[in-house]
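Okay, here's the structure, questions in a sec.
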Amino acid sequence: MEAIQTPIILVNFKTYIEATGKKAMLLARKAERVSHETGTCIGLAPQYTDITEITRSVDLPTFAQHVDPIDAGSSTGHILPEAVKQAGAVGTLVNHSERRIRLADIDSVIQRCRKLDLVSVVCTNNTNVSVSTATLEPSFIAIEPPELIGTGVPVSKAKPEIISDTVSRVRKVNPDVNVLCGAGITQGEDVTAALKLGTKGVLVASGVVKTKEPERVLTEFAEAIHTV
Amino acid sequence: MEAIQTPIILVNFKTYIEATGKKAMLLARKAERVSHETGTCIGLAPQYTDITEITRSVDLPTFAQHVDPIDAGSSTGHILPEAVKQAGAVGTLVNHSERRIRLADIDSVIQRCRKLDLVSVVCTNNTNVSVSTATLEPSFIAIEPPELIGTGVPVSKAKPEIISDTVSRVRKVNPDVNVLCGAGITQGEDVTAALKLGTKGVLVASGVVKTKEPERVLTEFAEAIHTV
Amino acid sequence: MEAIQTPIILVNFKTYIEATGKKAMLLARKAERVSHETGTCIGLAPQYTDITEITRSVDLPTFAQHVDPIDAGSSTGHILPEAVKQAGAVGTLVNHSERRIRLADIDSVIQRCRKLDLVSVVCTNNTNVSVSTATLEPSFIAIEPPELIGTGVPVSKAKPEIISDTVSRVRKVNPDVNVLCGAGITQGEDVTAALKLGTKGVLVASGVVKTKEPERVLTEFAEAIHTV
Amino acid sequence: MEAIQTPIILVNFKTYIEATGKKAMLLARKAERVSHETGTCIGLAPQYTDITEITRSVDLPTFAQHVDPIDAGSSTGHILPEAVKQAGAVGTLVNHSERRIRLADIDSVIQRCRKLDLVSVVCTNNTNVSVSTATLEPSFIAIEPPELIGTGVPVSKAKPEIISDTVSRVRKVNPDVNVLCGAGITQGEDVTAALKLGTKGVLVASGVVKTKEPERVLTEFAEAIHTV
């Protein structure tokens, strides 16, 4: 089940201490159980240092949180797409709000991912930027209005028209790009709402990682998917 | 022998494809053999994704190539010092010429490293910047004149006075900081020259990683250390 | 004639010493003479410190080389769009290859320019990025393949299909955006070729600024425009 | 009186709309009146676009808010030290908390300033970084604890030991560097306190620019200087 299916719940581990090292592995195992029990695709985006270990032990598609637009060589301290691939990742987040990159680099990274058979999930902040990104043919676009990230107020409730507009305008430009939505998702009904607005899944972080019961929350999200 | 001893040969894997994934592990094992056979401290600075695997399997002190000046939390795509520590690294390069950081961040990273018991190896480009860095009390300073990196022309030959000046001026400001030198080192005699100028070792990259016989080169470097 | 007309010759002064301070003013006056004598629109993009003086004394549309995506406030050292406007500029370059910005910032800057009635000239490196940018509705797109900048090899000769493809694909996405082309333009025939490929003008720098006879070169460019 | 004297009151105009364009000129004239009436050195750091006009019309030493560590050439959108000099500035802020730069660039900018006979005022965030900076021999160090900027709580009251420690440790490393202090200064007594702690003046921004009576506030600051 390492292949990606939609709808997908993609969990960004960020640099949360609750999702670093051994705790990253524990969280990954919980996600794996929920995925298998509910038959739902759950993707994981742990820190670079945890990718190898997780992809070896856990049967879920794993993503890097970022890759640099570089070729192999003299780029000390940077993230080589090939390194992420060899570590077992199936894809990468690109242009997350906490790691925005330049337009020319988004183009370059999407192309590098395509050549390496890595799934690209490009994060965007609004409808315009989503449409602009869609022309570059990423695998996924994950729209996250920055003002809602970490608030617990889901974009699907606060600004549903942003999601539906993005889905319809992205489709016109490029029907092959799947739209995810993120920011503020904490309950099953937020996931349901996101799917009903036309998205193919959700990008979550604190709503799963920082909760005391990530397994319960992920189960709620997974079951919400199957009610749509 | 995971503890760091001086003189040290510190090998920066950069993002060379010859030092990524499985090839990183192969190179690490070769370095381990040389270290054990010659009784020389060899440090490794592989890519983030390879740290966990190498520190588990190879009995050499391992370094990250960079860490970000962040606390755990919302820093998607960044390098958390705690993550590097949990992956088994004993230290990190800081401010490499291919990953320069801001002055306030060098100060912050050195302090974060100290708290986490990580060795900080701060790279510098000239004597002035080395002295400036020494006041911040890093574990090591590695001076690498950028114009010599990757050239095969060793700083110890091209500009020996840069090394000796740096060593003496750094000592005045902070006698506890060890100075390494890098850039252009490809032969045993370059290592010998570096030590004679007062350094406690060398920071090497292409001279080891890009050669066809890294084991032979490392052995030459290690033996050169023991002639001083 | 401060209003912008197409075809336009837009001269980027960069940070050339030959186009700084008093020399910037001399160059601006030469461009003004050519503009008036040939009836051709010539735009100037001097350094920030020279904008006020040039817009007061010279009757040509003047552009900033960059603005930051900021609102007025605590942004020491940054470029406030309102400051550029008050200095007399009619527009600004955005995302020049020597000053690339993030995708979300390109979107933000284009919108800020629209509100302030500033013309936005967004620089791009290839056709994909041009199309992506066109969806954000800038005033102009200036495509400059980075590998040709400063070479004296004009993109209109080396890679004419890049220009014609860009023009046609941009038009499909947004027929209101004018395309300029840059990189390597040194002769009248380069300008002619650019216009024949569907562009509305050229973005030039060293080809004018670094020549001994900028007035002669600009005249050649201007006359080339009128032959099309 | 364009030459710099200490104690100095250095006013950072930031990108405040109240200190942009014509309003920058009005503020500069008010500062000039206070300077002349009280015999106090007041320096101004307006936006780049306002430097030329202010230095022509106002008899006060004027600073850029930042310069880039570049030589003349292909650096579109960047700040050339020579451009700032030709515009009439006598110096520049360096490494302001809103425009931090890399350590190697601080070194490079200080040296560029020295060659161009520009005064360098390097901003720092704590004592360690101030000492580190002092070894690079800038003209001034302006310490501004970031957590106090814009608060109205003066560092001289909240953390007086930071100022006195900085002054004494900087002196040991380099007795030629003058220390200024900034952050939270709104009253004459804050200025008095700063000088008594060993500084040679203050760096102020909102406390002057955002007040309704900048002339009254500056006069209060100036008179406070003369009471020490």
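Note that the chains take the letters A, B, C and D in the order they are written out, and that residue 1 is the start of every chain.
In this section, contacts are C-beta pairs under 8 Å (C-beta built on N, C-alpha and C of every residue); 3 or more make two chains touch, one makes a residue touch a chain.
Since the model is a prediction, treat every value here as computed from it, not as a measurement.
Where the sister copies subunit B and subunit D meet, the same residue numbers recur on both sides for over half of the interface positions.
At the far end from subunit C, in terms of centres built from Cα atoms, lies B. Subunit A and subunit B, compared by their mean Cα positions, are separated by 34 Å.
Rounded to a whole number, the gap between the C-alpha centres of subunit A and subunit D is 44 angstrom.
In subunit B, no residue touches at least two other chains. Contact annotation for chain pairs lists A-B, A-C, B-D, C-D, with touch applied as defined.
Taken in their complex, subunit C has these residues touching subunit A: 95, 100-107, 124-126, 128-129, 131-133, 135-136, 173.
Touching subunit B in their complex are the following residues of subunit A: 12, 14-17, 20-22, 45, 47-53, 65-66, 70, 72-80, 82-84, 86-87, 93, 96-99, 149-150, 205-206.
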